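Next come two complexes, and both contain subunit A; in the first it sits with subunit B, in the second with subunit C.
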Partner chain A sequence: MYLALLTKKTKMTSMEKRLQKELQAMTKDPPAGVSVNTNSLSSNLSEWVVDIEGAPGTLYESERFQLGFKFTSRYPFDSPQVMFLGPNIPVHPHIYSNGHICLSILTEDWSPALSVQSVCLSIVSMLSSCKEKKLPPDNALYVRTCSKDPKKTRWWYHDNSV
Partner chain B sequence: MAAQAHAIDYDPERNYDEDTLAQQREIEKEIAESQPLISSLFTFDDIVEEYTREDEVYRHKIENLKTRYANLRKTRGDGNCFFRAFGFGYLETLLSNPTDYQRFLEICEKSKDELIALGFPQFTLEDFYDTFIDIVKQVKNPGQLEKLLETFNDQGLSDYFVVYLRLLVSGFLQKNEDDYIPFIDGERTVKQFCSQEVEPMGKESDHIHAVALTKALRVPICVEYMDREGQTCNSFMFDPTESPEESSPKPALTLLYRPGHYDILYPL
Partner chain C sequence: MATAASTSVLSKVLVNEPEQLSIVVRFSGNKIYNVNISSKDTISDLKKAVAHIANVSPRTLNLVLTGQLLNDSTLLQDCGLGIHTTLHAFCWSDNLVHESPDIPAQKPQLFQETDHKAPHGYNSRDESQGNQITRDCLRAAEETSTPAGESDVDGNDFIWLRTQREISSRTRPPSCYRNLNTNDISRFFVYCKICDCVQPAKLRLSCKDCGSGAFLVDRGPSNWRDISANTEIIGTCKSGSCSGTVPRFYLRCNEKHDGEVEGTAALLKHVQANHKRVECIICSDVMSHVLIFPCSPGHVICLECFNQYGTTCLNERRFVEHPVHGYTLPCPAGCLDSHIEETHHFLLLGQEKYERYKNFGAEEYVLQNGGMLCPGPGCGMGLFPSGEGRLVKCRECRHEFCKDCRREFHLGGCENFLESLSLAVSDLRINDERAVRATWEQEAQSLIDETTKSCPGCQTKTERSGGCMHMICSRCQTEWCWICVKKWNRDCMADHWFGT
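On to the complex of A and B.
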């Protein structure tokens, strides 16, 4: 399915080339609990939906979530915009009820050597290490006042324990 | 007064993040439009007024530099200037040094597998390596200076090159973790330091980045520090062989440091 999408254009931008490589790797050898929803891909690969499943033995065991990825033409130099989508947003101290995620690699600590796969693994691991399902303390104010784009938030990363 | 007025206007129910970030992007855009990634050659007379506007003490220091250096190239202040200055400056010297070119190429070619062995993901690493090594190979033939300057001013190619140098520094620090952990500030592991301060683009380089890069590629460099203290620049030699001072090798290139920024110097 996605291969048909990809071969349509003859000349790809460097963002598309890179994402195509990532997509192949993720489809061929997906990390545990992570799968790309290939029906969701836009034709130039600038938007993806990735299904993730809470790891066994954690608070989120067998819960299913959807992560939305958006890439600009400057990817991988610009970080992707990543947020939870749909009706089931994990209740977690670093995840706001509108799907925005407070994770440093999504903004300040993003590096072009990271990838969709490494972002998904960090998010799965963030869920797995959670000890108590609760919303971020400033959830109400943040959700009321924030931009629609989580990359337009100046995140404060102060707690690495969960 | 201004601070007070600001305090009165401040609305705690409003989110200012978007405005602040938009302002930061605007500043970055202005820098990008006004400064090439790597400039053509300047003389000290060309830049003395500009540098002196920051601080009058630089006037004396530039006079001092003129006794030892003929020219300089400016680099864009985008947080990657150390890596870009090193990359361009060193490749430029290789244009007229085929022996060093061969040595450097071999080190570079070995580095990819070493980084993969350290756990860097192969498919992202390969992308950066392929572009990096293509750029290195550009200097195999002499007389390619214009081409090299063009390459380093092509944001895409230039940034790919910078990423790979950042990964080399990260790999070197992680491989020699025990030696470098005492120099890492904050309660961080070497790996955390690398993912926060080395691998992301735009994170400025410190002493530790320079030590690691010169050792990873075995390229001795000299840095002239033009800070606000004293009347002359202090030079510091990054010598990857750690030979005793009297026998330390001739630097392959010299960089000029002003607080937060690196440019390239050319000896008389």
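On to the complex of A and C.
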């Protein structure tokens, strides 16, 4: 289905154009442990699901997770909304049990030079560097009170060691 | 249409049909001769023809195009001449060779015959026919780096096909850079304030002292510093009694503008033709013209994405105040030392946004240097209040306000401001309730007071649209707590980070 999209000749928005290129690159040459779930793509590519797998030799080895990406028409100038989906949310000090991820490149430190691939790799490496599987200290409160959109949360990146 | 015309120029070049050229040869003192000649003829033939009408010896005659001496054996069709192209002519005299022993007689680097103020037939007229310069010619230009004086051109890097462009305010596309032709491979670009778009530029030089274009330089410019005000290039002014040794380089829009004054073409030092075909860091398309950030990897962004990037950062007020380059942006990859060094590049966002950019920049400067902005309606004047008192009077709109709370000036503490207002109303012996109903500003003021809190850093009224209680002021970058209205701290994080 996405192949049909790639060959579509109609005029695309810059967001679609850029996402098509990213999709092409990621399907052709996917980084280790990351694969785009091509059945999940919406027609204008504004929503993706990416399957990721915990790296060998880490606490999350061979665990499979799903990341949901949502892009606005202002992508790549506007950061994508990224969160874990589905029943298996990794237990990690920076990942809330509702799937929200506390990662600075997803909000303040987003740059249009980043991409789906670089976000996925950052998340995989965030999982890989974890020493102890535990929920964020404020998980219960956050999950109860936060907005549905993790980008609305002003994260306080106080600990970059995990 | 420009495209149709360019195709015809292209086909002419490709099939190499001989064509009749009408060439303008300009001597010093603005003597002008028109010569009709076939494109299959050589420069030598042209010289003979010119020498004949001008009554000079063809042996001493030199023709200059694009700062280059034209070689006798070169075919005219290889010089990229169009109808009415102007060649600059001069005759070597023994006299001159003796005066300038440093300049090799067989390859004089630059001799400028045109008067500085003279109109430039070549520059304007050749546009209608395209200006093709052969690769050989340009290779020579690179090797010798011969600069161009008034006779056009160091601006052409390896143009070998430049096609016609049609500039008219009626047909111009709205976007400021669409005007650039894919085949425009100039070395320099300017933002022309008359055309209101990016244009290829012509590099010119004149004597710094007398302004004459008859100036000989020792070597051609090879980098930005060479053409800056601090150029290390020296030379000799050949105009009358002037003994100037310093050239002054400047860039002009490639289009002919009547009565063009200096300062209408802003140098875009980071904009280049994308002859290496590097893809844009944002859209990954390979575009014909790009902006290259001054970071060490030299990140490339196409002009359209630069516009979007700049617009986004402007709307989110994410420009930064750089100690050297002013209010500017780094490359999107966030490299060190990648900031745009010349603020005129933000003209690429369009004139309206450029005005906003300048306002934001000025505001940022005022705020960072301990000043404040007048809160008067529609004013925003930058003020640096002196003295102890709380009363600040704007010298622009005469608005008087309190230095501490930025509301209009009041007696008593800032927390009693509303009381002082109603006190003033009751002084006029009007029923309080009626007075409140009848006040235009009161309602707006109350609404603002209800929905906003003032940033503890700069007092800017701030509305919270969602998220947690940790606020970052978009104006002064103060991090503060929505609940305590104080600097954000560990206690706020522990007690009410996500609300009470």
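One rule holds in what follows: the second predicted complex is superposed on the first by the 158 of 162 C-alpha atoms of A that agree within 3 Å, B and C clash if a C-alpha of one lies under 4 Å from a C-alpha of the other, contacts with A are read in each partner's own complex, and residues count from 1 in each chain.
The rule is short, and it goes like this: a contact is a pair of C-beta atoms (placed from the backbone, for glycine too) under 8 Å apart; a residue touches a chain by one contact, two chains touch by 3 or more.
Small disclaimer: the values here were computed from a predicted structure and weren't measured.
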{"item": "Clash or fit (per the criteria above) of subunit B with subunit C on subunit A", "value": "clash"}
{"item": "Contacts of A:Ile105 with subunit B and subunit C, given as first, second, both or neither", "value": "first"}
{"item": "Partner chain(s) touched by A:Ser118 [first = subunit B, second = subunit C, both, neither]", "value": "first"}
{"item": "Partner chain in contact with A:Asp138 - subunit B first, subunit C second, else both or neither", "value": "second"}
{"item": "First, second, both or neither for A:Phe84, with subunit B first and subunit C second", "value": "neither"}
{"item": "Which superposed partner A:Tyr96 touches (first subunit B, second subunit C, both, neither)", "value": "neither"}
{"item": "Which of subunit B and subunit C A:Tyr75 touches, first, second, both or neither", "value": "neither"}
{"item": "Intersection of subunit A interface sets (partners subunit B, subunit C)", "value": "14, 18, 21, 76-77, 111-113, 141-142, 145-147, 152-154"}
{"item": "Complex contacts: residues of subunit A adjacent to subunit C", "value": "14, 17-18, 21, 74, 76-78, 111-113, 138, 141-142, 145-147, 152-156, 158"}
{"item": "Touch list for subunit A against partner subunit B, complex", "value": "14, 18, 21-22, 25, 76-77, 104-105, 108-115, 117-118, 141-142, 145-147, 152-154"}
{"item": "Footprint of subunit A on subunit C - complex, ascending", "value": "281-285, 299, 304-305, 308-309, 312, 331-334, 465-468, 470-472, 493, 497-499"}
{"item": "Contact set on subunit B toward subunit A in their complex", "value": "13-15, 17-18, 20-21, 120-121, 123-125, 127-128, 156, 159, 163, 166-167, 195-196, 199-201"}
